[in-house]
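These are the structures, in structure tokens.
Here come two complexes built around subunit A, the first alongside subunit B, the second alongside subunit C.
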Partner chain A sequence: MADPKEAIKENSMIIQKEMLARQFKDLSMAKELGKKVVYTFVPGNLTELILSFDMLPVYPEINALQSGMRKKSAEYIRDAEKIGFSEDVCTYVKCDIGMMLNGNIGPTGEKIPPPDLLLLSYTGCFTFLKWFENLERLYPGVPVAMLHTPYQEDGVMTEDQINYMVKQLKEEVIPKMEQVSGQKYDHARLSKMMENSAKAEDLLVKILESAKIVPSPIDAYFAGVYYIGPIFTAFRGTGEAVDYYTELWNEVQQRIKLGLGPVTPEGEIKEEKFRLVVEGPPNWTNFREFWKIFYDMGAVIVASSYTKVGGVYDLGFRHDPKEPLESLAKYCMGVYTNMNLPQRVDMLEKYVNEYKADGFLINSIKSCNSFSAGQLMIMREIEQRAGVPVGFIESDLVDPRYFSYANIKNRLESYFQMLEQRKIILKQEEATV
Partner chain B sequence: MNKYYLGVDLGSTTSKAVIINEQDEIIGRGITNTRSNYSVAADIARDEAIYNARFSILQKNIRKETDFNVEYKKYITDLESVFQYEQFKVRLDRLGEELVKTCNTMFANVEKRNMMLGHLINIRKAFKPIIKHEYIYHSLGSKNQFFRDIVSEKYNEEVNKLDMALFEPLMTIWDKSISPAENERVQFNFKELIHKAMDELKEKYKNLPDTSTENKSVNFDAEMNLLKGNFDRVSDTLRKHIDEIADLEFNIANMTGTGYGRALLPFPEDCIRSEILCHAFGAHAVFPETRTVLDIGGQDTKAIQVDKYGLVTSFQMNDRCAAGCGRYLGYIADEMSISINELGPMAMQAEKEVTICSTCTVFAGAELRELTNLGEKREDILGGLHKAIIMRAMSLIARSGGVFNEFTFTGGVARNQAVIKYLTQLVRENYGNDIRINIHTDSIFMGALGGAMFARRNIKADLPSVKKTKAEA
Partner chain C sequence: MKSLDQIIAECEEIAFDLKFSRARKWKDEQDNRVIVGYLPTYVPREIIHAANGISVGIMGTGDRKQIIKGDAYYQSYICHLPRGVIEMALDNNLDAFDGFLFPAICDCIRNLSGMFKLSKKGKFQRYFDYPQNFSSSIGGKFYIQELEKVLEDIFNVNGVRVTAKALNHSIGLYNKNRHLIETIYTIRQSTPWRLSAVETYYILRAGQCMPVEDHNDILEQVVAHIQKERGEPMDNIRVVVSGSFCEQPPIGLIKSIELAGCYILDDDFMLGSRFIQGNITDDSEDPLHALSEAYLHQSTFSSAFYDVGNPKGKRLVELVRKRASDGIIFCAASFCDPALLDRPELQKEADAAGIPHINFQFHENTGQFKIIKEQAGTFSDSIKLWA
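On to the complex of A and B.
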């Protein structure tokens, strides 16, 4: 394969890079700064609450995906398997454990400090429970706070469920945070942060929904994962996040005005040939190669479920300064993987229609139960309801052994040819009617 | 001038070519084993399809005459067989050169070298007439066996007759020679070769013993007898037709390449299509009511759903595990020391199906031996293996959405009777007895056929099946 070109960088990208650099710098100096460190998860995260106690969040999932992008995951997974983790265990878990075994060096080359609190904020994924049980063993004596998130089994959030979540926050999570941080819970401060959260969320929705324009100014999957970065992790509720999304939204508006296509590492997409909705996380070990296959085909991802794992804001949810704990409860229960399958199908069907997609594609992840369960049903439902060709590819999150470039390219080529043929036929149909 | 369209399907195990005319009729088929040089494999398949097409044009041109004179038809069928032998001879000579070359470089010692050369000459002398006989009298050429397989089998047989000490050096010479010989495209002069074949055919009929109705010989053939009686007349009458097709300028108006090696085919990029689309399109063209296609090829299995236009709406494929593909059967045949063509018939003899737990290709070998040790019959084990393959395919079909309307089975494995038996059984069990199951004799060519159809469609920029549906509406 030819050497990849130097990727184009927009201002928002530079801002995000600086934000991340500061975040990991702070983490590496947590002790000196006298800050406590909380390990937690992306889905249903309680970032504002953590920050309101002046603690620093660490997201093992994000570390794992970054290790994947930096080609470190193979080695980390190997080391985790060496100490007994099975081949079938989620590769995020093994990558994280492997990173820990190798000195816990983060993406910036700085050391990530050990946790002062393990906050299991989301139980929709069973692996998360097991993951933190392992961390508990690896960091003996570190307190664990668990928030049990009820699954939206019936497709609704009941008053009881919300009360149950708030009760857990008040009786389990907040007391543990107070104990670890040595600070008292500050309702007003949390509420203030939520104003920022909602502002950034409004902007994110505008950005993601700009993909409804034909041709789309953004890629809502490959580029989308960068767009969701700050808000899904350590920056929600901060002024920095609001600034970042303001800048990004300006850039997107500028692109719309100039009629420009999405920015990709290979350059701008000049001609949008296909519009797709994608379900499932991307592969991280071969992220750029993977993206390039779509770029080469002129395929733009206009909507994706993955960019909703840390909040389905486009369906209307916002963090609410008026009732911060209740809105955290609703937020946790409302993330994509906590939605039941009919809800997910409804949402994806809406995406196909509203974003005028030509097709629906699933990237099925070997590691991930939360996503994979029900995917074939989802695919068939979308095929029947939305009447678009559906495609199915298989890869993994961060285990490079499960990414076969040749197989994926072969399937995607077939899929794109399917879409192309369909366009020709539909055009002929229209012409003859 | 007539226009023809070519589809080449470069599969992992075999390379297929199909030529169609403007009426979408298949007029030529060619198949060969895929080898390291993909381009040569594609060229050979294409050349064979063109030769085959010349013969079918010939048949067509004289259809009126053949309707009344069966001996004409017999002559042409025989001629094609002998023609295939003539090609074989050229390839064998080429391989012979390579064997000598390898021998010369391998043995510095003159005495030893000469001894080996002597053996090589004797081996060749021993098997050449046998192969010739099989071509000329038993139409070996129509049996879809490839040059490499035919020669390697005979070479092996002869080497095994010799002293054990010779086995290794002679097999090394073979291994080192077959690849270069096989990876080189041999250019044939059709006209020259067909004239040679006509001469050879004349010899055959001259030497054919007189047969009569009383003759109970197994070789008795009424058409052959009729032809023998009229050979010179038939030969003279057909000569001008034969020369005509030999001189026919073959105009391939457009082509499509497909299969795993498609990117390496010497075709322009816009002539390359995914094999999923081609298999579906081919199957749908032959059986227009098809909505679900199962293709079991050498190294993958695909379940494809198509719409009324023959366009793919979704597909699922198994490209991670060889269990259940053609190569799996090949491996099992090797493990059992039988030819791949014998697998199906043997499995059909099964009285029960032994449960095969491991459908991993490599581990199946060990399981096979273990089951034999436990006293299971080979037939029953094979029955179980064939069923296991179909169970895998069924799960893939379920993933792709199930079976709708007509179900068409394509790919090389569709020639295996036992596979068909279990597939039919399981499809009916799972999706109802009224599902119509289509298996075409050209099932292995479906991808190439779909390719050729795409090629034809590109020129006119429309789909044949669309027109058909429209006309019906």
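On to the complex of A and C.
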């Protein structure tokens, strides 16, 4: 086993690190570069549109999760609670506000510039709306553009809903972007970027679906959060993203060819003992420890809902250069947390079956009702429909007070024992037949 | 005319009847009648009325039902309201309901709509999305489409197509309802001892579970009663309570605030009944458009709605001034993201306006009020002594 202090990294991870370093460097020099800065959110983001105006996007929830991983979040959350935020509310919001109160220093140690535009494309999470109202007060006078994404209430996207979104884009969002950036909307440029988006999306789907192979060459949750990084954030629509996913896909193909298991910070998983589908975001404050519990047990996450929070591409959606605004509308409405509960259950059941999972596990996050409310019902449904053992653990996104290592480990060990027993029974039954 | 005490007792019974007997009775009296349940906060009840329906507010179980099954559906860090709603659904309290509306207020209520879909409760279960775009040609159009979906849902149950005439009639009835409620609040502003906050609460909450025509009769009688002197004025401070627009505080909590020396002159307990300010046009050829315009331009402030351009903090301060109140009690349900995320900014606005405030959190089944009473009492004393 490798020295635990030195995490093993794939080449694509190093490339991604360099991409992020450049992104934050650009942000820190936005003023010098004459670039305008747009704060927005990951689910239902309009990255191509922002980039088509030569503006730089900032994703507050990414800053919050980075703060969590860098062990800064506890201090930031405490500072937000000091100014009146309740212990009960979303810790992403509190962490982000705390970070701003502490000088808005980003993950690379450079200052993140204040916004020139607050783009609230609020999708699948009601708290986003409150978050932006708070940001609007923290940055008085900064223009706010609101894009309301209708929920997939009936499990479908209707023409009326798409038209509603396109009208908002044309009459509210784009005029504000033109005003802030000083540039005219360039339909052809946006369209061109979407060609890149679709290419990267094709590659991402291939990568994630490689986990259907037994044993899986990837971990689609812990490693998956790195895989989705560029496409869910500032790089969708760029050539850089296509290059990154091309490199990552090459790596995965190589692993398949060599019959290798997933790469983890502790080393490669040599023997895949359990295949799991996971619902819910990960914990960020103890990410590596959390991952290691699975590594130690030989458990590989073959599919997860969290890697669909910024776009559900494996169900077929691609950004479409022929109708860029319509496809932004469909993209926003299609993200996982904007799907109704029956749709979510259908998708998770499909994952359990298609990825040949041994079990279904929920990591329920205290901070995130968009995911958590209804999860216990989702769990029952999956148990009944897919007939696999289900497990349930609780933690938080970035509040270390809600990550109890011993409790989680205990629960997971019991869960893995159950999976082990079930495997033995299934084998015995098979032998009898 | 019934005595006020009689009316209040009847309203209390109707408001907390978790079998919803009054609505069931109304439905059974005629074919093609439907019951449509809705979660807090606001739905335009006019369209349900016009479609031969009764809209019933499902405001939770409060402290009137023990939650056993509901807790198995929710983690400890999720508010209490949906547990009670699930418990009622599983205990068949809602069996007479034909459909359910889940207004876009938070992720919990939104996902509850999916839980009702999965468990196939009612003939329809609809998440009722409000536009967060307030332009008539964009958000207004979307809102009308949302109203049409609800009308279609009801049509699929009872076959009733709503005419402009019927909808205008319903709008008129709800205009009257809101006007009478506001009259009660206006009378209470100058003479709050005539009708306590708890009594007011019973009367308003009962209105969520009975035909609007009957509620209007009750409100008219209440107005007539409280125009005359009743009770004794006390040396109390006057407050506005803010933050209880969804999960409802237990009656003991409202009582404790009053007993601690605070007249509650305004609140957001039954916000849905008071959501639209003033009358909605009731002689329009396009009443859906009239309802939409009212939502866009005549809504009060609420944590469920995007407020850039018309911040809630300023509107809360205006309300306190309008009611000539001494302070604000922020009283939000635990784990209520909308209310609790708004609180720091609302407090900041109150501070800037020099309005004293306190805050506490509750569950709908909170049973201990001693601390709240002490806190509210100290708040009252400090204002009386030092303000």
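Note that the second predicted complex is superposed on the first by the 428 of 433 C-alpha atoms of A that agree within 3 Å, B and C clash if a C-alpha of one lies under 4 Å from a C-alpha of the other, contacts with A are read in each partner's own complex, and residues count from 1 in each chain.
Note that in this section contacts are C-beta pairs under 8 Å (C-beta built on N, C-alpha and C of every residue); 3 or more make two chains touch, one makes a residue touch a chain.
Fair warning: this is a prediction, and the values are worked out from it, not measured in the lab.
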First (subunit B), second (subunit C), both or neither touched by A:Q421: first
Contacts of A:D186 with subunit B and subunit C, given as first, second, both or neither: neither
Contact breadth on subunit A, by residue count: subunit C or subunit B: C
First (subunit B), second (subunit C), both or neither touched by A:E413: first
First, second, both or neither for A:C90, with subunit B first and subunit C second: second
First (subunit B), second (subunit C), both or neither touched by A:L376: both
Touched partner set for A:Y151, first subunit B, second subunit C, both or neither: second
Subunit B versus subunit C as contact partner of A:T432, first or second or both or neither: first
Partner chain in contact with A:P389 - subunit B first, subunit C second, else both or neither: first
Contacts on subunit A seen with subunit B and repeated with subunit C across the two complexes: 376, 394
Residues on subunit C engaged by subunit A in the complex (per definition of touch): 72-75, 77-78, 82, 104-108, 110-115, 117-119, 126-127, 129, 131-133, 135, 137-139, 141-142, 145, 303, 306-308, 311, 332, 334-338, 340-345, 347-348, 361
Residues on subunit B engaged by subunit A in the complex (per definition of touch): 260, 273-277, 309, 311-317, 319-320, 399, 401, 461-463, 466, 470
Complex interface listing, subunit A residues touching subunit C: 83-86, 88-90, 93, 120, 122, 125-127, 129-134, 136-137, 144, 146, 148, 150-151, 153, 160, 164, 167-168, 171-172, 340-342, 344-345, 364, 366, 369-370, 372-377, 381, 394
Interface residues, subunit A side, partner subunit B - complex: 376, 379-380, 383, 389-392, 394, 404, 407, 410-411, 413-414, 417-418, 421-422, 424-425, 428, 432
